[in-house]
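The data blocks that follow each hold one structure.
One chain, chain A, appears in both complexes that follow, with chain B as partner in the first and chain C in the second.
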Partner chain A sequence: MSFLIRARKKFSRFLRFFLKKNRSRIGIYGPPNAGKTTLANRIVRDWTGDAVGPVSEIPHETRRARRKENITITGTNGGSIVIDIVDTPGVTTKIDYHEFLEYGLDKEEAIVRAREATEGVAEAMHWLREDIDGVIYVLDSSLDPFLQVNIMMVGIIESRKLPVIIVANKIDLPDAAPARIKSAFPQHPVVSISGLEGRNVENLYEQMTEFFG
Partner chain B sequence: MPHKCVKCGREFEDGSTEILKGCPSCAGKKFLYVREEERHADVLEEKPIESLAAEKRESLLEIKPQRGQRPEFYDRIESIRILGPGRYELNIEKLARSDDMVLGLGKEGQYAVDISSMGRPSGKPARPSRKKKKK
Partner chain C sequence: MLQGVQIDLISEDRLSRLTSMEKVRLILDDVMEGNIVVLEKGLAPDEASKLIELTMREIRPDGFSGIEMETYPESEAPAGLSGIFSRLMKKRPGSRLTVIGPANQMKMIKKEKDLISAWVSSR
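== the complex of A and B ==
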């Protein structure tokens, strides 16, 4: 029996080796409420007509990583890639249920949300280590990008030698300052977009075909 | 406004102690002294700060990396500290390194070691187990 299990494992590793070559798994990472799921929905809807998951103004709406496979993206330059999109829970260093009470959740709901969000961060970090070939790091351009968690996450992604595109999201907001994000991460390509309105996403698709191809 | 980071161009106030730890934006270790009247020279002349430094022949201030400057928080042994119901602190550097779960309980000194997470083969998600062994 164990021989069969071993043979199956070897075979799936063999298959994965070949499949990985043509299909990259791209993780959408970033702090909570940066618009990761909105962007994932935008990408998936633009290229397959489907959606990834629900969005909300309450932080940590996504508490489990969600994956959409086999998405073909074509840039305006004609380049094309096939990817799997992994929408991940927001990564943060502190989770306190009090934060959710302000959004009208009752105490018990908020405590459960905090617990699930914590598990979600652990899961997001697990996938980053095990199963991701490239990263789209999403930031809210109306907020300060110089947060310890952002600097650390980009550092971790760099140390794993993963290609990364930084997305300065929410440029539809009046106080958006994408230039601040560009100056914070001069070593990486930064694309300013509005995931909600779809503004400038074609530029992101072009960068994706270039960097993740 | 005497210093600018050579790598990303971030400005630092006179006497800023921030740069002693390296640039907080890009972790750059080299800084150029800029006079008030030349403060925007890099932007106006569209030149990288390095070439301005070479033109002015001014030496760059280089910060030597020192050990033990990392915040205490990230040197902790636990991946997640549970401060109370619904209140957590996450050590994302540790979470990025392995699935081994050491949980901190309360303020300090108490830990829960999730032994099952340490024997888990790679490829399975890092969900903290509900069965925890207290040390």
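== the complex of A and C ==
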């Protein structure tokens, strides 16, 4: 099996060289409030000193896909990759502006946020179909991973034959249970991290150089 | 007048005669009318992707707020020779019965390997 994986990687490197495409676009996907932007900021800060976008406890803070180009990541294994990171809006099948009122937004702000969020989710789906070469799928490890939207999204990613790393984020929370995520997606590598505290991110970098290289 | 919720059970046979876009449109139009749709066979990943995208485009303040959807987990791929054969033929394990409804009317209560329990309210 490892022979097949190595052969596939060599072939994809050859294709990238042949097509003059030397950078992979890695999309950070996941449900709302899983910590996607916190992780994107962590990756971009660690390797460029910059940031991708603001974070908030209110769902759907990220309502447009944001790309940060030319990030060189080196794993502890010595492997290195150059990627573009695409931070995407949280994917869901429902958005109700009333949810945002509970966070203190007034009705008009909540309606605008909901409208922008719907556009953002549609845009994220479009990126996945057209412009993404690999996926980091981020889940909050204190929540149930068996949600339909997660199952659907991982199915969509698999059907497009994109390499995927599942991130069990927020392991700093007291009720975090990353083992549940591992049991939900045994067919994919799962890395447990805290994007907020930076715990175990070096392990993620190593996996990224391995899977997206 | 009889009050209640309409449930449309759509057969695999009917779904197989539709294109992806027709399938997605049929489901969404039905759900936007406040109906519950039960598909005998679930959507392909690409169709699921289109359904999410189209759902987002139909959401309106104080109107349609999206969908609630649940499906049984995929059946296990057969082991042994038949499993290898289906992999060679790129045959994916089939997605199974799927229930879709308006998010403001349908709440999932329980989902197991072989049981989906949902609560539905009328509008």
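To be clear about the criterion, the second predicted complex is superposed on the first by the 192 of 213 C-alpha atoms of A that agree within 3 Å, B and C clash if a C-alpha of one lies under 4 Å from a C-alpha of the other, contacts with A are read in each partner's own complex, and residues count from 1 in each chain.
The working rule: a residue touches a chain if its C-beta (ideal position, glycine included) is under 8 Å from a C-beta of that chain, and two chains touch if they have at least 3 such contacts.
Bear in mind the structure is a predicted one, so any value in this text is a computation, not a measurement.
Annotation for the three-chain superposition on chain A: chain B and chain C clash. When the two complexes are overlaid on their common chain A, residue A:L105 makes contact with neither chain B nor chain C.
Set side by side, chain B and chain C differ in how many residues of chain A they touch, and the one touching more is B.
Looking at the shared chain after the overlay, A:F185 reaches chain B, while chain C stays out of its contact range.
In the superposition on chain A, A:E158 makes contact with chain C only, while chain B stays out of contact range. Looking at the shared chain after the overlay, A:E130 reaches chain B, while chain C stays out of its contact range. When the shared chain is aligned, no partner comes close enough to touch A:I58: not chain B, not chain C.
Working note: chain B versus chain C after chain A overlay, options 5-13, 41-49 or 77-85, clashing stretch identified as 77-85.
Chain A residues 91-97, 111, 114-115, 118-119, 121-122, 125-126, 128-129, 146, 148, 151-152, 155-156 lie at the interface with chain B in one structure and with chain C in the other. The touching residues of chain B, when paired with chain A in their complex, are 7-10, 24-27, 71, 73, 79-80, 83, 85-93, 95-99, 101, 122-123, 125-128. Listed in rising order, the residues of chain A touching chain B in the complex are 91-98, 110-115, 118-119, 121-123, 125-130, 146, 148-149, 151-153, 155-156, 183-187. Residues 91-97, 111, 114-115, 118-119, 121-122, 125-126, 128-129, 146, 148, 151-152, 155-156, 158-160 of chain A touch chain C in their complex. Contact residues of chain C toward chain A in the complex are 44-46, 48-49, 52-53, 55-57, 59, 61, 65-71, 73, 92, 95, 103-104, 108, 111.
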